[in-house]
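Chain IDs A, B, C and D follow the sequence of writing; residue 1 opens each chain.
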């Protein structure tokens, strides 16, 4: 099963579960994978920025990928392989593709500046990993400091056939989706899947602008699935009602640094992760922050049954 | 009336009203100033980043400041004087202080990197404008790319007596407020006013962490005033209820680039500005974006009477 | 006299002479202007990055420009007008052009990233100052963090007729000159003047690659004039011999921060400036650095008579 | 043999020799190692920024380190282990230390901004690799965009005992050396080795300011050895004469991007490398650049016998 430009729905960005001592928690990996299947996720992305990938060594990364792939053979699994050099990127790609991954995700190194540099980087990366490996283009200027105009994305899509999906997380980004979909309509760019990240902060409008779904790690991925579905069903107000109920917490989780701690904390409270632990170095959550999240969950419980554990 | 560390409440960041042809709309300046007075604003900040200050020449800047000061003599008026050199910064400061401004606001140039560079910059700036002029330290890494740790802010506050207020808009920033208030409690830093910017995205929790209020330009500054007041009265749930009702629109407006267009558009719809025009170069709002804002306003109207014009 | 694409030779980047108390030293301005004329400079650029322009207020800037223009009516005078906003940029441009300037120089704000942003910025700037005003495009990534590919420069030159000169100071930059000259040969770009900055560090090869001369502030601009002349006369070895004799000092002066202090110190020793003073804030030269410059001058004196004052 | 703060002399930064097809050229590794021994190098650094480390996979990196260590058992070998995560950094460190490396070199990730972030990063890195592993602190703002003040370096040295050497390549950097040596004299910092990089562009004065030698990859490392020796012998003019003879070529090689191609080209011409090839992606040298290097070598041959092959 290979990732294609027809991907849609929700590909949660999976955190990597650890025990408090830093060991990988394989039982939680299975539980989390099962959870994604149960909520109607159409794929899953692992070892991304918020999967603490840089804290894993090569063997661990491969083992986690293999476990998720085995556990959910019906689910396309995308693996983050971003690396400072093409040699380790290729090495990891080869191993996870052999293990059954559907494709890989590549973020740009934050030293890229000009349009030319960006396009060339992805050409070289695609050649390095093998032009038969489908890849996801990650467009996240807030974190990577690399600005890709719609024109640059069009060049990448046009010049590199193995680019099949955009992880859209530019900010602001609504017009970008409209522009890219316009390129497709006017025939100047082939269609690609556009799934949205950036914590989901604009998912309500992104799907209305033409995005195919979500590719982010909010602690209620089931809400993301519902919003994508409600939008597809034309139930605009219902989609916004649900989204707005989650927005105070979603906004809180979207904070860089502390966000992953919030995400793991809630997933632990939901019974999916055994521990909220991160591997060192850790951006921990203060007691005040924990109380704020508890308060937000309690408020959410009034509007979404799935948060009733916090009521 | 000079700005002091006792400032609190809401200092809206005022946009600069223009006619469609780019001329300054003085009638709207008066109307906007009156509006701020009517909602209980405790001050106002003009010629900031979102006041299109770089599009104004020196004489225009001085004239706008003078008009607002005359119109609201009971309101402390803070004037943005950030500039690439100390000579124009001093020139503008002197003129607006002579005209009756309460103080000035200084953002860091985006070339500052080390703690030492940041502290020295503010020492030099304070000396340049005159150590008798109270100033607001603007801490907005997302826009200015300058990271100030709490320790650096403490050094600035300690070494420069004329620094009386922090425009807090670091992101994430809740722990920063707690840390700074902790410095005050443990006696290692004198008390300063902390008013929060960043579009108000975390105002609900910022006031709970010890901030004195808001210093931002959301198109419903009256909501900001209410949230600050409700928090002061201990009405936590009510404060959050009101804040959450606005959060979908507030989040939309907080987008860089398009945010100012949204703000001016809503202020025009509210009857405060004659036109939503910006001076060139303009980051315009698409039709799709306008329809999205209209939809958000309509939804807001169900929960806040002040948006009923959009129902 | 307007600046055109036929400019060539050496346009020294003039420092701004101050007395020790920070007052402008007008006698030194005249002496420096006379000196530039006497050595065969074909133009002069004032109020640039190293002219301490941000430390001057508007009136001072205009006065300095007017003085140089009056003193050397036969010399095209280019004035740096870079500013964070188009309003002050236009205001200064209008005044200095009225006073007889030949053109202006515009550096990019360091927030520009994509090709699109860069081209649009220059279009807006050209429109703001008036499309009849010839301008110099400053390409200095090391200082401004803006990367312009040859393709972007071609777009600017093609889309903006009033761009007549490139101040080339990319690093590395030799291939860029070759590429741009190639564009001219293949007819895809009209010819522009290319004068080289970056302290002159590669002037020996830049003129061989097709640059028209130098536009930098090395403390021996007479050497720059000679190197450009010797190259034009086909005396390659002599050009390099002279250049190499100066390279140890030139390299020392090219250091950011301390470089301006070195430049003013040597110009003072050469009798051109009364004082080496800078306006505050100052990047001063230590005693050790001064001794090093003295040593370099002494060594230079053995190979170039013009440094014999240091022997 | 462990690296200590007593290191001095010249640790060349070794390139990684490849054949034209990208395979590692082990014969050239031996020849290069022997060459370093023959010229009096006191150590060697491998797998650094210009050693094309990101193009090597883990096994290749370990094999190269092991080969150099075996070939020169009397020479301390420092291995670059910079990585985006601590897991791969630790993995490589452990293997090369087991193989007999003397220590490792760690560059800062370019996302670090505040003093606090920098110090914390090195604390975490030192803990990750093991506090018994001596490491070299690489201070190269031009490439890594991380600014370390002397005060930050003092904190790192003071708080992390395993930091034994500074690879000094700040620019400008002479005052920094003086400041750090001043800290040692006033007792506020323990002594560390300071070896200078940045292509050697200021080595002539750096050793006079108190640096212990060079840690860079100029294609005539024998010249670096001589300059360090002549300075130690008090032969100032001779040191500068030799340095100045090389400066035109050294400056040419110090250009980012093209520099490595120049270095490998000259080392090939000197008979040390079989090929000047780099692994993809390659920053190639144009024909014009090659002719310029040939010309510089020819000129150098008149002043240094070691370049006579080019005469």
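As a convention for this text, contacts are C-beta pairs under 8 Å (C-beta built on N, C-alpha and C of every residue); 3 or more make two chains touch, one makes a residue touch a chain.
Here the structure is a predicted model, which means the values were calculated and not measured.
Common neighbours of chain B and chain D, by the contact definition above: A, C.
Most remote from chain C, judged by the distance between CA-atom centroids, is A. Mean C-alpha positions place chain B and chain C at a centre distance of 39 Å. Here the spacing of chain A and chain B, counted between their Cα centres, is 33 Å. Taken residue by residue, chain D touches two or more other chains at no position, since every residue touches fewer.
Remark: chain A residues 53-58, 60, 83-88, 90-91, 110-111, 120, 124, 128, 280-281 touch chain D in the complex.
The touching residues of chain C, when paired with chain A in their complex, are 113-117, 147-149, 151-152. Against chain B, the residues of chain A that register as touching in their complex are 171-172, 174-175, 178, 201-202, 204-205, 208-209, 240, 243-244, 247-248, 251, 255-258, 286, 288-289, 292, 299.
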